[in-house]
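Listed below are the structures to be examined.
After this come two complexes, each holding chain A, first together with chain B and then together with chain C.
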Partner chain A sequence: MELLLFILPLFFALSVLIIPKQGVRAYGIIGSLAVLGVVIACMMQYNNDGTTHYFVNKPWLAGITLSFGYDGISLLMLLLTAVLVPLILVSNFKNELAENRLFTSMVFFMQLGLIGVFISMDGLWFYIFWEITLIPIFLISWWFGAPERKAALMKFFIYTFVGSLAMLAALIGIKVNAPTFYIEDLKAVTFTCKTACWLAMGFFLAFAVKIPIFPFHTWQPDTYTKSPMAGTMLLSGIMLKMALYGMIRWMIPLFPEAVACLQWPVIILATIGVVYGAIIAIKQKDMKRVFAFASMSHVGLIAAAIMVWDFDALSGSMVQIVNHGLVAVGLFLAVEIIERRTGTRNLADLGGFAKQAPKFAFWFAALAFASVSVPLTSGFIGEFLMLKGLVQFDMIAGIVAGTTLILGAVYTFRAYQLSMYGPVTRDQFADLHWSELVVLAIIILAVVILGVYPALITDFVNPSLKVVLETLSTPSGL
Partner chain B sequence: MDALLIVFASGLISLFAAFAKKPWLVVGSAMAGLLAAIIVIIGQLQTGKAFFDFLTYEGLAFDEFALLFSLAICVLSLLIIGIGYERFKENPVHTGEYVGLLLFSATGAMIMTAYTDMFMFFLGLEILSIPIYVMAGSNKTDVRSSEASLKYFLTGSFATGIFLFGLAWVYGATGTFKLQEIQMRITEMDTLSPILMIGVLLIMASFVFKVGAAPFHFWSPDVYDGAPPAVTGFMASVVKIAAFYAFLKMFAICFGQGELFLFWKDALIVMIIITLFVGNLSALRQVRFKRLLAYSSITHVGYTLILFVSQVDYFFTAGFLWFYMFAYGFSIVGIIAVAIAVNDPEDRIDGLKGLGKRNPFLAVVGIVALLSLAGIPPTSGFFAKYILFSAAWKSASWLVIIALINSGISIYYYLKVIVAIASPAEETTEKIKLSPLTVVVLTIALVGMLGFSFILPLLN
Partner chain C sequence: MSVSQLLPLILLLPLIGAFINGTIGKSLSKVMVGTIATGVMAISFVLAVMAFMSVQHSEPVTVHLFTMIKTSSFSLNARLFADNLSLWMTLIVTGVGTLIHLFSMGYMKHDAGYYKFFTYLNLFIFSMLTLVLGSNYFMLFFGWEGVGICSYLLIGFWYQDFKNTLAARKAFIMNRIGDLGLLIGLFLILGKFGTLEYAEVAKAVMTEGFEISEMLIFGITICLFIGATGKSAQIPLFTWLPDAMAGPTPVSALIHAATMVTAGIFLTVRSNFLYELEGAHVVKEIILYVGLATSIIAAFIAMRQNDIKKVLAYSTVSQLGMLFVALGMGAYTAAMFHVTTHAFFKALLFLGSGSVIHAMSDEQDIRKMGGLRKKIPVTHMTFLIGTLAISGIPFLSGFYSKDEIIGHSFESHKFVYFALMFSSALTAIYMFRLYFVTFYGKFRGTHEQEHHLHEGPASMTLPLIILAILSVFGGLLNLPGVFLHKGTHWLSHYYAHNVAGPGVAVGEHGDPNTTLMLMIVAGAMAVVIAGITYTIYVTKNSIPKEDDQLKGWEKASAMKLYFDEIYDFLFVKPVLWLSEKGAHYFEGAFLHRGVVSIGKVIGKSGDLVRKIQTGRTDNYLLWMVSGIIGLIVYYIIYYKN
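Up next, the complex of A and B:
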């Protein structure tokens, strides 16, 4: 049945190309819900003891194995993907784009790649799926993005591809010492600290570009701004989570020796990114750019918390990964809602929509609160646990990263205030369409439920996180 | 041997079939001959028996690898004749010559895979090269084509001269033409004679010239650019396969031992690095499509040559080389098909714009082929590159890292072509019609580009 995880997206990606135009909207949503069904069935099946459940595990060729399986962490990422893709399709419902066969097909190809990344337990397959995701997202943005997108997208592709090549080099470097690419075989290899550092850097480059961590972020604001809404949502909602997942699943377990030397540099860079992204977000005029930099700031904190490699911090980062995925999709939808109605995202030209569209004002406000992690939203739990880990690791790093809470409030509410309050700038501002309402409501509900009862996530991933933490071969410095 | 005879015979037949002035007859007989050759080769690979066993000549030995490489040569020649058919049809009087020459050239390529002495190798090289000199100039009204032909002829014969000169030195040092005996003589030597070393260097220079590695690459952009696209495709795939395997065979068997290996290895490494950077950096600013392809193929030569210095077992090296060249050949077929179908007189990269609208299938083939050339998974180009790099990592990890950096550079110009294909058209938007034959060939190439890696387990 798990094979359906591959077959369904592939089937829908190809079959949507021959569906009549009117049916594409519904077909896409049906397809993504079907995938969601399969993922939920997998979750039901999984006995939550933290071990990896393999559904295929056999040697293939040239040291590459067919190992696909999942544990709690993978399942959570799968669930995030499977939930977000229908949400993205629904939020796109009002756009003409939703009727486009190619677009819907590319979304399914993207989903195929993402699912592959999360269930590959073989290094080379991980790399293959990692690269596969790049092509559909590039094409989505290239075909359907803003008019002056080309330079930004070339930059994006080259950046991420070069980063991935570094990972390929590291994979080859570790494979020559191991019989196969199977994750357990790779974990069994031990290195001297110096070699491990070099190889781990290869992985880190690939992940740092995708996350993005300062100073590898320069592709990100432009690409986010120039992509169509669905592309931005895919990028920030799911795609950068691949890199965070990759850190937890591959980078650190494969090179535990490197943690000692990489820990500090990564945490410093990530913390710089947290503050830097937030400060730049405050100054932005374009609403989408505000949330692009905000995304960079939030994710930098997650990366730093993962690098602390502490149980609570990891569990907090898992909560925050889910939270950020949901909230980022919501925020970019809010931007899109404004842009659809007014044709601009420039904060100086906006204002006064709260009076005209009270429903939208309410849900957008709820999203803004979720984004700045007030208690009762899942962001609070996540950021609290992560900051706790960081403070325990190093007081100063914790405090500097903690400023994200304050700065986050500043840029989020500045964007909210400038767009929703103030003098009325438009004669008309239609309130929410049902499709927009559904997406926002689902996101807010999920965020609040997880904020009140985060054990839904933590109980699910903690056994797996324990296993990942325990099986590190050398506990040096940990 | 059987396949060699069949290909040669079908070359003759298609030459005579040309008298009927019916292109389909010529192409049909050529393709039938190549298909028969493919079947015979596969049969021989499985049973290990040849029909014309009694015809064996000691200068030629169709061992397993010679057969595998011949298979690649036949398959790719078949595909290239298939995609070139549209062009041949425009000029029915000359179809027989093109197709016949192409098959004779393929015969030479097969001899080059199976040679066991230097004499036979030289014959194969000439049989391979001379038809190409003619074919490169087959667009007689086009100045570029004539230039390509003349350039290729002059530089090619110069390289042949260098080879013969080097061969004379090697003969002087060892006293024999046979590969096995040369190897024995060299292992018997206490110290390497300088005569031998000079000979090896000269031979290497001629090989490097033939495959088009820097600094012996100057002919290739002009020739690739000027020659008719099908001939360019033939040169980039079949000729390279033959030249590379002959190169590998000679240098792994004869000159691959101990001190001698260390002697030419350093020279080759320097050339690899120059090749990679020259090919890539020159490709960045090209505006003409086939010229870009020429520089990209120079880069691929650089990647492939890494195998030669990677000190892996001969059998693995040959297997990897086969896989790499075959995968590369499929991508070349796909790309050349796009160039032929678009038929932009100025051959600009921008001329590919709007291909997605003009013919979606062709656009998909083009994009997959470019992804395969760039080495992006899940195409076979990626697997080929991965296998090559992982084979070389142990002995030359820094060289692999340089190659990976070059892959990073190369993505820029491949991406430029990919986005040109994916962009809307500027002027013409008339549909491109593909003949059924082209569609079949392209489907084979597409399957090859996407699924070729799945035959890897069979290699073991």
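Up next, the complex of A and C:
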């Protein structure tokens, strides 16, 4: 049954190309829900003891193994992907793009790549799927993006490609000493600290670009603003989570020796990113750019917390990965809702919509609060655990990263108030369409439920995190 | 019902009210909405009284709801805790809350967002109750941020005026600065004790042989205090509170006078076992002097404010400062006593000002009022009682509670005693000025306003009357031992009974003769000031000058000592500057150009490459895919060999 994880997205990606145009919308949503069904079925089956459940695990060609499987961490990422894709399709419902066969096909290809990344237990497959995800997202933005997208996309492409090459080099470098690319084989290889640092840096470069970590982020705001809304959502909601996942699954377990030398530099860069992103976000005029920099600020904290490599902080970062995926999609939808109705995202031209669209005002406000991680939302639980880890790791780093609490409130409410409050600026502003309402409501509901009862996530991933942490504390070679 | 059943109900009722009004309130009639919101509050209050009765003489009660997070080293629980401290706060919150809900039914009658207002108000009560009833710092933090959100929503309630939303944002952000401090304090506690439960921390601290480094206890207590400065509007984080007056007046009464702003006091009293530790003495000194400075500075600013609500707002800041002075001296019970009486008379004054504003058709400037005492007699009488109580006129509640704090300072810190007396004198001056200018003299408003002048409906006057009665007799709660032999110090005994910590158990009371002397001095001062202000504002009939005619200290007071301007220059401008320049130069030019030039170097590196660089992305993609495939193929061959 697990093979359906591959087959279904592939099937829908191809079959959507031949169905009539009027049916594409519904077909896409049905397809994505089917994938969600499969993921849920996998979750039901999984016995949640922290071990990896392999559904294929055999040697194949030339040291490449066919090892695909999942543990709690992978399943959570799969679930996030499987939930966000239908949400993205539904939020796209009102756009003409939703009728486009190629677009829908690309979304499914994207999903295929993401699923592959999360269940590959072989280094080379991980790399291949990692690269595959780049193609559909690039094409979505290239074909359907804003008119002046080309320069931004080239930048995006060069960045990610350089990062990927570095990762490939590192993979090959480590494989020289291992019989196969199978994750357990790779983990068994030990290095001197110096070699480990170089190799880990290869992975880090690829991840740092995707996350993005300061100063590898300059592709991000441009690409986000020039992509169509669905592309931005895919990028910020799921795609950058690949890199965070990659840090937990690959970078640190493969090179535990490198933690000593990489920990501080990464935490410093990530923490700078937290503050830098937040400060830049404050004065941005384009609403989408505000949330692009906000996203950078938020994920910087996750990256820093992962590098602390402490059980609680990791637990918190898993919660925050889910939370950020949901909230980012919601915020970009809110921006899209405004752009659809007014044709602009420029904060100076907006205002007063709260009066005309009270429903939208409510849900957007709820999102804004979720985005600044107030208690009763999952963001709070995530940030609480992550900041606790950081503070106990280093007080200064913790305090500096903690300023996100303050600065986050500044830019989020500035954007919200400038667009929603003040005197009315448009003759009319239609309230939410059902498709918009559904997405926002599901997101808020999920965020609040997870915020009140985060055990839903933590109970699920903690056993697996424990296993990952244990392998690190006693690397076979040390 | 047992207490463990009552507690969740007390907490949940306001949430249910908020839920009903938030979902279907729009389609209900206004009377219905108001009745639901006020009804749940009243029931909650009755249940709180029941819980209070049964816990008062027995052990504290803990109710476990569910576990929120369980990690390897600690677990965070949603748990409720009832001891005499938390139940006392619950009584204040639900009691005063009910009255203010009732008042709002009349006050907000004509507002389109009626149902929204009551939803937020109920939600606020829910958050505030979580704050006081939680059994650990984690729950406290939930409530702490929750009240901040509700405060934000209610300050910006009239959002079409952008100024209001700015005030709301300012409040939220300044609170968040404090919240960060509090959060770090929580991490430190968690790191040291492995738990955030009050009871467990208290037990650990009070166990024989407990050791903690001075540095750490300093860090914990100062962090908690930073949190308190945000919520309770102390220097340096106090400037949001006067701006928060942009919200509807019942909100100012409930949140920004009676309940939310006392959260910082509650936190400190709750944590008194930490503040009584060896290393925390420095922090207590800091609290003492921060409180003192806040008290005097705010009172000074209140001297020349002409907005009726602004005067009361600075007065609140000043009173809160005095409360922190009490905490800094370790006079926890005295602080809680003053919190209680302050809740009565400050809520009364704010509601009274609301009634005035209501009568004056939304005018808030006291220079345009005058002579209102005959037009709105109930408001006038109750406002007078509030003024007398806060000014420390003998035998009203404020007289006793303030005197207890001042008495404490006389015993230990003579300098603080004189400073507090000065602050009290200022309080009496600006309060009587406010009262006389508003209610005496000739009416200075427009004809239209004069025509409209009217007393509010019963739903508005009834809360005023009840609060006035409480303001008069609230002092009975903790009478000093000067006049009677029995029945004194009730509140002190009450707290000493089952509230954890060595701080509240201190039962020492000053020597009766000294107390009596201090009372006479303070009382006489208040009466004399009342007389002097009467001659100035009534006999001589002088009216506050226009702002541009002010000079010297008057101008400094009217300009709020330029705090906003200084903060703007020191913090706001630099951050905005960084944001703008950072985006332009660093983000735009430096990083961007760096990337572009790397791209150019790659582009120029040889003719061969140039031919491949067709500029068509499809080609690049093709190259990429074939690159991957090539690598795989290469690898397979390499491996086979």
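Methods note: the second predicted complex is superposed on the first by the 472 of 478 C-alpha atoms of A that agree within 3 Å, B and C clash if a C-alpha of one lies under 4 Å from a C-alpha of the other, contacts with A are read in each partner's own complex, and residues count from 1 in each chain.
Basically, contacts are C-beta pairs under 8 Å (C-beta built on N, C-alpha and C of every residue); 3 or more make two chains touch, one makes a residue touch a chain.
Please read all numbers here as calculations on a predicted model, not as lab measurements.
Of the two partner chains placed by the overlay, only chain B lies in contact with A:W143; chain C stays clear of it. Using the contact criterion defined above for the overlaid structures, shared-chain residue A:V176 touches chain B, although it does not reach chain C. With both structures placed on the common chain, the touch criterion links A:F384 to chain C but leaves chain B unconnected. Once chain A of one complex is fitted onto chain A of the other, the partner contacts of A:L61 extend to both chain B and chain C.
In the superposition on chain A, A:F369 makes contact with chain C only, while chain B stays out of contact range. When the two complexes are overlaid on their common chain A, residue A:Y276 makes contact with chain C while staying clear of chain B. Of the two partners chain B and chain C, it is C that touches the larger number of chain A residues. On chain A, the patch touched by chain B and the patch touched by chain C overlap at residues 61-63, 124, 128, 131, 134-135, 139, 142, 150, 154, 157-158, 161, 168.
Partner chain B is touched in their complex by these residues of chain A: 60-63, 124, 127-129, 131-132, 134-135, 139, 142-143, 150, 154, 157-158, 161-162, 165-166, 168-169, 172-173, 175-176. Taken together, the chain A residues at the contact with chain C in this complex read 61-64, 124, 128, 131, 134-135, 138-139, 142, 150, 153-155, 157-159, 161, 168, 215, 218-219, 221, 276, 279-284, 311-312, 315, 352, 354-355, 369, 374-376, 380-381, 384-385, 387-388, 391-392, 398-399, 402-403, 405-406, 409-410, 413-414, 417, 420-424, 452-455, 458-459, 462, 466. Residue ranges of chain C in contact with chain A, taken from their complex: 66-73, 141-142, 145-146, 148-149, 156, 159-160, 162, 165-166, 169, 172-173, 176-177, 179-180, 183-184, 187-188, 190-191, 575-576, 578-580, 582-583, 587, 591-592, 595-596, 598-599, 602, 617, 620-621, 624-625, 628, 631-632, 635-636, 639-640.
Put simply, chain B touches chain A in their complex at residues 371, 376-378, 382, 386-387, 389-390, 393-394, 397, 400-401, 404-405, 407-408, 411-412, 415, 419, 422, 456-457, 460.
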